[in-house]
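Look for subunit A in each of the two complexes below; its partner is subunit B in the first and subunit C in the second.
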Partner chain A sequence: MQRRTTLKLAAALLTATMLGGSAYAQETIKLGAVAPKTGPLAGGAAVTHWPNIKLWVEEVNGRGGIDVGGTKMMVEVVEYDDQTNPAETIAAVTRLATQDEADFILAPYSTGLNLAAAPIFDRFGYPQITSTASTDRVAELSGQFNDLFFLLGQNSEIVGDAVEILSKLRDAGTIGNKVAMVNVADAFGIELASTAKPIFEAAGFELVYETSYPLGTPDLSPVMKAAKAADPDAFVAWSYPPDTFGLTEQAIIEQLDVGVFYTAVATAFPAFKGRFGAAAEGIMGIGGVNADSEAFQDYAKRHMDATGAAPDYWASGMMYASLQILEQAITGAGTLDRETVTQYIKDNAFETVMGTVEFDDNNNNPSYWTVGQWQGDAFRGVASTGREGVVDVKLKEGWE
Partner chain B sequence: MDILITGLLLGGTYALIAMGLNLQYGIARIMNLANGEMLVAGGFAAFWFWTAGQISPLLTIFLVAPVAFVANWLIYRIMLRPLVKRAKSRGQLEVDSILATFGLAFVSVGLMLAVFGGDYFSYSHLARPVHILGDTYALNRLTAFLAAVVICGALYLWLNLSRPGVSIRAIAVSPESARLVGIDVPKLAAIAFALGGAVTATGGALISMFFTLDASTGVLFTLKALVIVIMGGVGDVRGTIVAALLLGIMETFVASAIDPGLTLAAAYLLFVLILLFRPQGLFGRRGT
Partner chain C sequence: MTGTEARNLALAAVAFAVVACLPLAGSAYWLAIGVTIAMYTVLATSWALFSGPTHYISLATAAFFGVGSYTTAIGIEHLPYWTLPPIAGVLGAVLAALVGLATLRLSGVYFVIFTLGLAELVRQVIIWFQNVSGTKGLYVLTSITEAHIFWQLTGLAALVYLVGWAIWRSRLGFALRIIGDDEEVARHSGINTAGAKVLLFMVPGAVAAITGAILAPRYVYIEPATAFTPMLSFQVVIMALLGGTSRLWGPLVGVIPFTFLWEAISASFPNQTTLLLGICFLLIVYLLPKGFVGLLQAARKRVETREAWA
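Entry: the complex of A and B
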């Protein structure tokens, strides 16, 4: 019993010391970061989310910190792994707000985890500038949560633009009318597939093969064989990283002969090109960037130098842009007061690596990339809602 | 026919995933929840050698296997041996080893994150079509299947024909009696555990040719391996092979003939049926 009391005392003392530590006069800006380091989405976060935080913090501190009302303040980041578990995300955001007393909290990773954490950000009054969340409920959500911002875009536009590209190719007579569409049986894949189906049908396409498969399916060859047997002119998959790779590999093995091959998340990853090389040429996917813009090329180079890896061609740039927006808003508002900074984000336009960003009345970024395509060494944007640098679509010609 | 071959190929993959766990659980009596992490580590080694020097995973396994053997032997000696010593019953050892290896799984994930990073490690090797009886299959899956046949065949023969093999099987049946007839149980259990780890890591290196892995995917493979080992019967090589092939064919059949969305449901239905009608597994022994 005695030992237990001693232990309790020690624990209490330790906690007190840790809490006491944050009482000193503020010289640094404390930022909280929560995202997966383990769990199913860790692979994606390791490409898109964490490297940008590392890069940005290095850069900001390298130039002496963020200018807050004339004083330069260094940036310090407290990182938590949410294990791709929404409950952990919520716990970590709460902890950052109450225990760590973070000045700002960076938005979590992915649509699901961001939406799970939105009420907590809202309750504690933290701006949440999401760069990896894509939903069609933007208007509803921003009405509900005043400080929630969306950079990445809306699903209906992402799907709509993909169908539009197919329609144009068909109307030009370069591909036929038959589409094979598959999706991963997970919130993301189901939402996109159910959005896409009526749009495809309204555009007059015939869905010759349609199926879903569970996340983590070890062998996608039955899916690809059945798709091939349906003899489609275009193959569209609303897929997640492991199956994006798996479907593409099976398509190569089956030598699927289509004019359009589209896979969703991870098509824009450098690892995709790294794995498939020349076979990646002409493959389309979600996202895209203006790969030829100076701002992006400069960013890509800094990303490479600081983290040893290239950024992806979709959300990486947006993630970095969200950090730039936060920095510019803090400097512009001249204070660490979160309400003032949030208002500043709503009222102003920001220069980022992805171009100028100005949020609309729904806190949504109205101009973003929707469809990209591997052309040469880059995944170039072939459709956007108002970004510069859109390039022409090419047909998928073979797998060599 | 197409379904059968595709299913067999997938079953071979499953056998690679599950065989190591069967050795560890069935013989060394360690329910190793860090099994999937060992598999991912093997996969990473293959990825690293491929990207660094275009060295084929088929060569890498000859390095991966001995390294994994030594590493697992050390894990057993240092971490698990004390648990075995203090355990009063098989039940207690199982609970203890589950807890210990659960922790080991977290440590392994953390280590792999620190060493490899959290990125996907994905490369393409032998992703070429081969034609068998008029249908196309992936060469890398076929290769992995053949490797599975060789590994499982060798294990089966070794366990049944060689003296240490027979001793190891004796331990699987009854560790107490095995000691009475002069078998060095601690030594052979350690070897079985190490061998299981080596097989798992080798499997990981082979399946990385077509699976996209990252540092935290291990748990998925542990689960699959667990299901297969329990279906097949603990401690029996034949059971694991049959269960793996059955699962592969079942999943492929459902995906091809019914709907790919139902593969998981079908796999677990099979699992539940086997548990209901043969709770000891296909080749398992009833009640100890």
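Entry: the complex of A and C
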């Protein structure tokens, strides 16, 4: 009996010491992650968002954690599914900030969900480094939400650079003046098309065919047949993943004879190359990377090893870069104090897999890839706002 | 007004005053849950005002809610904010009247399908308009905080309860109870059944639109896919049914436990959230067809029977 009491006492003492010890020194950094696991955007998040978090956390913990003022701290992630519903994003970010008491919260996925969460990030002073939000009101938003950062780039530049590539080819006499332009009748597609039309007209292009189709249109052959009948020199589609695949398929069937074939979102997916093989050669789209840079090649390999899939050539790298920026900022600031870390992000430049990133006065990343093209096995950047490694554009030559 | 009614009214006023103090407690977490509860209380109670007595299941909540969100999103550029929720209410009521005139002669399942389609119809109209005009997602950048939204919703809830109480006492409420029991009898008694139903359908229409208008600043960025999510309509129905629609306070006793259940599932099972919520939906409909109100009434009846024998 005596011995048992002593044992109990010892155990209690031990527990107390352990509890007390952990109260003094925090050993892990708690990160919150909120993004769709279900709902309309779950597919996109499963390609771009979640795999990068998994990869980065494995790597960081593999090298012993993040260096915070000389101490290595392991990273622990609390994940929530927002069901692609802004109300759930708000609820989950609030929960992370107040109940889980996360040290940092990773930016959610997509424009709408990021902006819905922005007031909560702002209120609790969390830096919000977005990699999938695209807006033309950066100055106004970063004015209201001081901790909101934009990596992905602006639509006006993405569209402007695409038109400029066409202008250059036309001025060199390699393609003619006739453009067929179509768009998916949904948020991003509408925005890109309405931005593009006046730019095309100002550049002196003739829009010989123009139409839109609803999101989820299963049969795009009428669109492609009509486009072909207009005999364009270039085909431009402000499209979403399903129709990017659908339009390309129809173009192969119709053997559309154009010098430039451009589809927007998802052209940069490895699955696009996987689906169309040699026919993808010369197709242009949003995004691009410096495929020859060691940093990207190394990242792509690690992504493949850790998640079993290759990263896409547009937002994946940006998502990973946002995590690198957070890590470097925590180490650089030497503290988990959010205000200090946010200020560090504003004041410094960061080395990422996408190259050096330095935010401007509006918390915006001014240099990013705007147009990419399938050349060989990679979707190479052919236009950017100040990135290194731009390669020359090639003409689309047939579908074999 | 009888003595009991006056006492109930005073108690309700005190309850609302207590609830309105929630933002002063200073917890952002509980305030966020409070906003969710207030929002669904307003939506489910106004839904039950119409669907309770008439037994017409309306899935149009998302349509009205979206119209309200867009009223704020478009109007905020041109008008002061405080004018927008009333405008949204009027728009919602007009839309509900139009829909009601067209569909409330339909019965049962036809009405359900039409209201489900309505949200999609309005959404497609907005997308079509965006495509034609080249506009896109709208920004609602204001200085309105969670606490402001909570107070507005609490005020709206008080209004909904007052309206519901007034309707219950009025000739309209009496007519609707008869319609719910037997529409044929109601018509033969000289009740203008279509008119009564249209009039009542305008209440949830207006309330859901006002709710959408109040919540738009919370979402900052308004786009059709999120403003018209059909999930909202289903959630409102399931919460109202969990509570029970035969009493004015019925939906409230559904909304509160359901919100906590939702929060618990979201927090504990991030990878199976939607699956578990679906199972809960099934269990509620299967095990509690009359909601908590029905459960309470059955319990009370059992006690009374026992007392009668004793």
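Definition applied: the second predicted complex is superposed on the first by the 375 of 400 C-alpha atoms of A that agree within 3 Å, B and C clash if a C-alpha of one lies under 4 Å from a C-alpha of the other, contacts with A are read in each partner's own complex, and residues count from 1 in each chain.
Simple rule for what comes next: contacts are C-beta pairs under 8 Å (C-beta built on N, C-alpha and C of every residue); 3 or more make two chains touch, one makes a residue touch a chain.
Just so it is clear, the structure is predicted and the values come from calculations on it, not from any experiment.
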item: Partner chain in contact with A:Thr71 - subunit B first, subunit C second, else both or neither; value: neither
item: Touching partner for A:Pro241 - first (subunit B), second (subunit C), both, neither; value: first
item: Partner chain in contact with A:Ser212 - subunit B first, subunit C second, else both or neither; value: both
item: Which superposed partner A:Ala185 touches (first subunit B, second subunit C, both, neither); value: both
item: First, second, both or neither for A:Ala97, with subunit B first and subunit C second; value: second
item: Contacts of A:Thr38 with subunit B and subunit C, given as first, second, both or neither; value: both
item: Which of subunit B and subunit C A:Thr174 touches, first, second, both or neither; value: neither
item: Touching partner for A:Thr356 - first (subunit B), second (subunit C), both, neither; value: neither
item: On subunit A, positions contacted by subunit B and by subunit C; value: 37-40, 185, 212, 214
item: Touch list for subunit B against partner subunit A, complex; value: 2-3, 6, 9-10, 13-14, 109, 113, 117-120, 122-124, 127-129, 136-138, 141, 210-212, 214-217, 220, 224, 248, 251-252, 255-256, 259-261, 263-264
item: Footprint of subunit C on subunit A - complex, ascending; value: 37-40, 79-81, 83-88, 90-92, 94-95, 97-99, 111-112, 115-116, 118-120, 123-124, 137, 140-141, 144, 183, 185-188, 190-191, 193-194, 197, 212, 214
item: Of subunit A, residues touching subunit B in the complex; value: 37-40, 42-43, 45-47, 50, 182, 185, 211-214, 216-223, 225-226, 241-242, 245-246, 249-250, 252-255, 266, 269, 271, 274-277, 309
item: For the subunit C and subunit A complex, residues of the former touching the latter; value: 27-29, 32-33, 36, 124, 127-128, 130-131, 134-137, 139, 141, 145, 218-221, 223-226, 229, 231, 263, 266-267, 270-271, 273-274
